[in-house]
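Each of the next two complexes has chain A plus one more chain, namely chain B in the first and chain C in the second.
Let's turn to the complex of A and B:
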């Protein structure tokens, strides 16, 4: 049985038994290349669920939809390793209870989709550890290497050029499962902390504020880059920050649901004198 | 006999216009980086693009623009009004869907208030539209009563020659005639065969959609929640839409000095209708998507007798979660037909 079929029947059983109230997965999209998020509540609708190498969107963010988990019931969701790490972070940040999330785990290896065994986020710790080790050794891609080779002024010019295309549609934020603030700092208008204008300063402020806010939290799922309608390589910023935090603190976001956030925790015995 | 403009003379045309002090803009770049930018020579333009990622509207209604500068002193208040320059522009190579959107938005910007920012730019710009030869799967101009060779909102319509080496020229407005007279020496009289315009299939019955939307019972239909369940509430569809025109006014600076700006805004955003009290009349994404569809295909038509959509398809083409106007209207049309049968 293909993994798609296997998970369809699991989803059907879970819904029929009342073990979960909803399955969040993927369905076919407008074109043969497209997949779209789908929310299934009836067992007979499970035949709509698709799983293949085109299923790239990290669906974890949908679980934070207002009120969705407030009744304490479980929801099943298709998640890759990045998605499971997202659940761990969201649990660590008190945004959800991992006991309410029934995982249908998968990994995409080139063009193939493979099963990842486990039901709860805690069951995936080995896979996550393997990802961490791989991430430590990962070489930067071509554009990232080019940026590393630039001096600060050249890099600033590069990013100003990229950000000049930003239209402030906030697709990056809306697509990001880590951007769960009920009221984003840019939506605070009394006072207006960040310019809403899509001019040079406003675009720079917005994209840098977001990058800082994701340092040590981003799972590198790629939702932001895929959502950006003007193809700003936002993932490069987030990857850079992730690499820095990994190197400085050996912190890989989303290892488990008890992991303390890198930039929101401290130890009294920290060797840096400014801590205490 | 028809008037022809050959591609090989286009750079000379650009030079003639530029000599008169006009700025020439054309579609440039590929994919997500494409848009209308200033060009000097024909080679810089990309006429192979089906459609630019960002729309023509940006040239008339920028993402952000200063309206007013203020400085409050001890004795007096100084203000400075910013108005866009009225330098002439040639916009060469727009698509019919983008040009038609300008005509649709004219009604809004000249309704209860005559928007100088919009009309100064409109009146100083000449839009040359190139009829499309090939649609993609998201194009739907014909579903909105338009066509790939519609001249609506254009000053000059260009029909590609079959040989691909130029265009047949059809002036539409006085502004168009005037711009053509500046390049008269580069135009030829001839009878080159023009390529057939793109065949764009009709994707939904617009009349049926209008009827369903006009039925007040459907305002609270569960359909709105269902169709927008996966919507993430970003502004991609509205900001890439050639007709979406909502804006916000923001003061940048402090109590004593600053600049008042006009910035794009989107009905997809939660903040769009948030009251100071914290109450939000459009509290859910379903209510916000309903507003977008109702505004385009019910309210706008009621006020201005035209729908606020040209079928460019960008909303579906670029949606991060594969939504868009097309599927919504297809579903609505089917609902209406079903209700007519029963």
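Let's turn to the complex of A and C:
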């Protein structure tokens, strides 16, 4: 039995037994290569659930819909390792209780989907640890390496070009499971920190602020980059930040639900080579 | 003929150490360039990275962020939190192409009036050398907001 079938029947059983009130998974999208999130509450509907290598979206963010988890009942979600880490971070930030999240774990390896065993976020700690080790060794991608080799003025020009295309649609924020603030700093108008008109200046400020707020929290699921209508390489910023917190503080976000956030904790011997 | 370039530098400092250090520099009659505008805050922990972006947005050529040495924070650990934030934000700014010389971080205690005066001189000279932050100023001009003073 394929993993898709296996999880379909599991979802059906969970819903029929009343163990979960909803299954958040993937269904066919508007074109053959697309997948879209579905929210299934009836066992009969479970045949709509799809699972293949095109299921890239991190679905964890949907759990934060206001009031969704407030009745204390469980919800089953299709999650990859990034998704499970998201659950850990959200639990650490008191945004949800991981006991209410029943995980249907999977991992995409090239074009294949593999099952990940476990029910609760805590069951995946080994897989997450393996990811951390792999991340430590991961070399920067081609574009990132090219950027690092540039001088400051060239880098500025590069980002100026990228951010000049930004239309401030905030799709990155909407797609991001970590952007759960009820009132984003960019919506603040007294004082107005960030220019809201879509000039390059405001776009630069907005994207820098978002990258900063995700430092030590981003799981690199890629939701923001996929959502961006003008293809700004947002992953470069987020990856840079992830690399920085990993290197400076040995912090890999989402190890478990008790992990202290990188920027809300400290060590007395944190590095400080750049401070005069 | 245009006037010679005078850098505009904004310093965000904590009131317990660096501000007191600046005060000491003044009462000791130490000379330092008048290019720096000091913004006093309760603690480095209160200095949000938004302040740095705001200073640049308003046309600053350089920014200094300074507070108590680690272990000396009036609130015990405000500067430890600040340090983590700076580490991340500093790396982000550099990745975005803001030159290292433009945004500096330092520890200056209430007893280090001399260090304050010397650092301000050094930063002012650095920025005088690299000139106005033209790339950022071009972005500001594009928004149609009045030219920075």
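FYI, the second predicted complex is superposed on the first by the 266 of 276 C-alpha atoms of A that agree within 3 Å, B and C clash if a C-alpha of one lies under 4 Å from a C-alpha of the other, contacts with A are read in each partner's own complex, and residues count from 1 in each chain.
Basically, contacts are C-beta pairs under 8 Å (C-beta built on N, C-alpha and C of every residue); 3 or more make two chains touch, one makes a residue touch a chain.
Remember, it's a predicted structure, so these values are computed and weren't measured experimentally.
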* To do: After lining both complexes up on chain A, report clash or fit for chain B versus chain C.
  => fit
* Asked: Which holds for A:64: it touches chain B only (first), chain C only (second), both, or neither?
  -> neither
* Applying the touch criterion given at the start, work out whether A:3 contacts chain B, chain C, both or neither, answering first, second, both or neither. => neither
* **First, second, both or neither for A:185, with chain B first and chain C second** => second
* Asked: Is A:199 contacted by the first partner chain B, the second partner chain C, both or neither?
  -> both
* Counting only touches as set out at the top, which of chain B and chain C does A:255 meet: first, second, both, neither? -> neither
* To do: Using the superposition on chain A described above, determine whether A:227 touches chain B (first), chain C (second), both, or neither.
  => first
* Asked: Regarding the shared-chain residue A:167, is it in contact with chain B (first), chain C (second), both, or neither?
  -> first
* Return first, second, both or neither, reflecting whether A:29 touches chain B, chain C, both chains, or no partner chain. => first
* Now for A:272: first (chain B), second (chain C), both, or neither, which partner does it touch? -> second
* To do: Going by the touch definition up top, name the partner, chain B or chain C, that contacts more of chain A.
  => C
* Distance of closest approach, chain C and chain B, by C-alpha atoms in Å -> 6
* Take the contacts of chain A with chain B and those with chain C, and give the residues found in both. => 195, 197, 199, 202
* **Residue numbers on chain C that touch chain A, as the complex places them** => 49-50, 53-54, 57, 70-71, 77, 80-81, 83-100, 104-107, 119, 135-136, 139-140, 142-143
* To do: Report the residues of chain B in contact with chain A in the complex, numbered from low to high.
  => 31-33, 53-54, 63-64, 137-138, 229-230, 232-236, 238-240, 248, 250, 252, 261, 263-264, 266, 269-271, 316, 318, 320-324, 326-327
* Asked: In the complex of these two chains, what residues of chain A are touching chain C?
  -> 147, 150, 152-160, 185, 191, 193-195, 197, 199-202, 204-205, 208-209, 211-212, 215-216, 236-237, 240-241, 244-245, 248-249, 262-268, 270-272, 274-276
* To do: State the interface residues of chain A toward chain B in the complex, per the touch definition above.
  => 29-31, 34-39, 57, 61-62, 165, 167-171, 173-175, 187, 189, 192, 195-199, 202, 223, 226-231
